[in-house]
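Both of the next two complexes hold chain A, though its partner changes from chain B to chain C.
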Partner chain A sequence: MTLASLRYMGTGAGVTIMLAVAVILLSSVLGMGLALVRLYAWPPLRALAAAYALVTRGVPLLVLLIGSYFSLPYLGITLPVYPAAVVVMGLYFAAYMGEVFRGAIMAVPRTQWDAGRSVGFRAIQTFGTVILPQARRLCVAPFLNTALSIVKNTSLVSAIGGWELVTAGREIGERTGDLMPTYLGVALGYYLICFPLARAATFVERKSHA
Partner chain B sequence: MPESLVVVDRVSKSFGTNRVLRDVSLTVGKGEVVTLIGPSGCGKTTLLRCVNFLETYDSGTISIDGQTVGIRIGADGSRKARPDREVAAMRARVGMVFQSYNLFPHLTVLDNLTAAPVKVRGLPLKQAREKAMALLERVGLVEKAAQYPAALSGGQQQRVAIARTLAMEPSLILLDEVTSALDPELVGEVLDVVQSLGADGMTMMIVTHEMQFARDVSSRVAFMAAGEILELAPPHDLFDNPRNDRLRAFLGRYRAAHRI
Partner chain C sequence: MLRILPPLLQGLEITVALTAIALVGAALGGLVVVAGRRSRFMPVRAVTIAFIDVMRNTPVLVQIFILYFGVPEIGLYPEPFTCGVIALVLQNSAYAGEIYRAGIDSVNRTQTEAALSLGMLPRRALFDIVLPQAIRRVLPVLGTQAVVILKDSSIASTIAVVELTHSGKLLLDRSAAPYETFFMVAMLYLATAAFLLGAMKLLALRFPVRT
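Our next item is the complex of A and B:
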């Protein structure tokens, strides 16, 4: 593989990272909202959020990406490929992030609510001062796992014409005919992006068990 | 009889079809220590939790310093839930110590003691810290100020929990089986702290299974069974001269179990 090919793939990896960061941010914000709605909102809204999580997690991301990107124009909505991909993936992974946050908040013992309220905290203060900081610790490992999943799933953006690491690899492979080394390079690229995240997850997990 | 601080008036509560409190009435005077004893499931912990509204009650009223707890009674006798803000303000004046300590595990011992005074009372952090250190001194744990709760023994955690409660300068403290989770050799250090509070004139309501402690610390002892207070008397009367049959049976079982 030439240096030019490597540089080309590096640029693709950069796009992948930017896509992943955008999706992680969007899905975290939406996921936190979903978690709070599912835990504390008016019951019909809770049910709606639960249904959203259930349906979203039951459909393949590829179907959602292709389905929405190619059918939205018929409804008069045309989005450029990257914003469309970020929005669809953000909505999709919000369901997973919501479960991550909800699980962590629920894992904080109920007695901590008693303790917080008994010292005079209002419900919202108890949540912010007592529950959320403990939930944050509990959710780091599953959060990083979902982030890994997001990084790898940005590869599906190539299916709707987005240019990123996989597309870059495919182009190089088609140009040079060196399919095997090229795709190994692509795989290595993903691994290099994910490795620090996976390490962080292991580290946090070990620390929280200590 | 001193001026009354807590007035429980014909309070009832059910969990589903299970009536855990049946028309319970009880008055606690300022500076009094009232202990609730009775078999498991008799409603004593539920009553204690109703007093600071960690548990709602279905009928009757509980008032502290003349203010009804958790609900407002309208002129027509209607019951309306108080907003969270008012309930929280009431709880800020009523301390509670739990069986399982319930310290905030993500905060150091010192921060456990300063969190509520700073966030609820608006006390400057420096002042809150000074007061917290003085309280840790009182419970003999100054050297643990920078530790996290997990590094402490059960007895030490419970003493921190008592100090956390005192940091809010409560006019009433509720203690819910504060020694039940402790190894026997750690019970004494916690009871000593509670006893010193009583000696200082702190008003307390205590749920306990330690009869000797109840006898030593209480102004009056209430015996509860099946959601009712069956006997209420100063400790020497209640323990040495029990009138109620179920109380006699309860004390007999207790003495048989604790004969060594």
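Our next item is the complex of A and C:
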């Protein structure tokens, strides 16, 4: 494979990483909000949030991406690919992140709340000073696993016409005719991007079990 | 809106077929993976861990592309459906293997010790005592994984497998009702996912965890 091809794929990998980071940030923020709503808000809102989580976990991401992206022209809106993809993926993974954060918060022992009350903290103080730091420790492993999933799912942006690692690989492959080595190279690219995340996730999991 | 249902249902048929075959394949493949992962021989363990690593770190889309576009270069020309099945089975065998492993490890070590102290051979202890308990614990997680397989089957639409997502895409180009089409597609996926989860839950009820 030529050096120019490698640099082309490198740029694609860079786009993949940027997309993934954007989605991780967006989904984390939205997910935190979703988790708080599901745990502490007014019951009808909680039901809405639960329904949202259920729907986004039952429908494939590809369907959401294609559906929303190709429906936009009929509304007269022409959004560029990247923002549209990031928004849709952010909304989609917000449900997953919401589950991660909600699980972490719920996993903090009930006794911690009692301890906070007994020291005189109000509920919000207890939450911020006692519960949240403990939950933060508990959520790292599933968070990393979800982040890993996000990185892999950015590959679907190629299916709605966005340019990233997979598209770069396909262009090179079609130009040179060597499809197999090129796609193996794409796989290697994803492996290299994901490897640190997977390692970190395994490390955290092992640390919390030992 | 009901007029678009028939072609979507045909696509759903393919989706269900894809998912069902991949489910069975991954369930069986997961057994191979967990056996390799827990093997006494270092080379077997190393190869298995490498396999799981590769499957965990590469997207399904790339795997399908490698199979569908890459394999023809060595002379075989697999059908799109077959490529989809193989990619789904490989990817989810790795995950299923890890799920089985977590299940086996979650069964208390004292069970194995008790069985061995009764004079059972290690293999008998594994199959008659540990595995039944392990299977009960992993059924819910396997249900979640089944829904993941269902959702990943939509990726096969990128290599022209005419399953639900692809049918939806074709209808989208032909009709001028994008929202209705994708609403129906989403509803069908939700219904199938709910059905899968319900079936898994029934299965889990029949084999409850008795701690």
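The rule is short, and it goes like this: the second predicted complex is superposed on the first by the 209 of 210 C-alpha atoms of A that agree within 3 Å, B and C clash if a C-alpha of one lies under 4 Å from a C-alpha of the other, contacts with A are read in each partner's own complex, and residues count from 1 in each chain.
Keep in mind that, in the parts below, contacts are C-beta pairs under 8 Å (C-beta built on N, C-alpha and C of every residue); 3 or more make two chains touch, one makes a residue touch a chain.
Treat the numbers as computed from the prediction; the structure is a model and nothing was measured.
Chemist: May I ask you to decide whether A:Ala123 touches chain B, chain C, both, or neither, giving the answer as first, second, both or neither?
Modeler: first
Chemist: Quick one: classify A:Val166 as touching chain B (first), chain C (second), both or neither.
Modeler: Touch status of A:Val166: second partner only.
Chemist: Output check: A:Tyr74 vs chain B and chain C. Expected answer is one of first, second, both, neither. What do you get?
Modeler: Once the two structures are laid over each other on A, A:Tyr74 reaches chain C alone.
Chemist: Considering only the touch criterion stated at the top, classify A:Phe195 as touching first (chain B), second (chain C), both, or neither.
Modeler: A:Phe195 sits against chain C, while chain B stays out of touch.
Chemist: Contact-wise, after the overlay, does A:Asn153 reach chain B, chain C, both or neither (first, second, both, neither)?
Modeler: Only chain C is touched by A:Asn153; chain B is not.
Chemist: In the overlaid three-chain picture, which partner chain does A:Pro133 touch, first (chain B) or second (chain C), both, or neither?
Modeler: Once the two structures are laid over each other on A, A:Pro133 reaches chain B alone.
Chemist: May I ask you to name which of chain B and chain C touches more residues of chain A?
Modeler: When the residues of chain A touched by each partner are counted, C comes out ahead.
Chemist: Spell out the residues on chain B that touch chain A in their complex, using ranges where they run on.
Modeler: Answer in residue numbers: 52, 54, 84-85, 88-89, 91-96, 98, 100, 102-106, 115-116, 119-121, 164-165, 168.
Chemist: Looking at the complex, which residues from chain A come into contact with chain B?
Modeler: 111-112, 114-123, 125, 129-130, 133-134, 137
Chemist: Which bits of chain A are touching chain C when the two form their complex?
Modeler: 55, 57-64, 66-67, 70-71, 74, 148, 152-153, 155-156, 158-159, 166, 169-170, 173, 178-180, 183-184, 186-187, 190-191, 194-195, 198
Chemist: Touching residues of chain C toward chain A in the complex: what are they?
Modeler: So the residues of chain C touching chain A come out as 53-54, 56-63, 65-66, 69-74, 147, 150-155, 157-158, 165, 168-169, 172, 176, 178-179, 181-182, 185-186, 189-190, 193-194.
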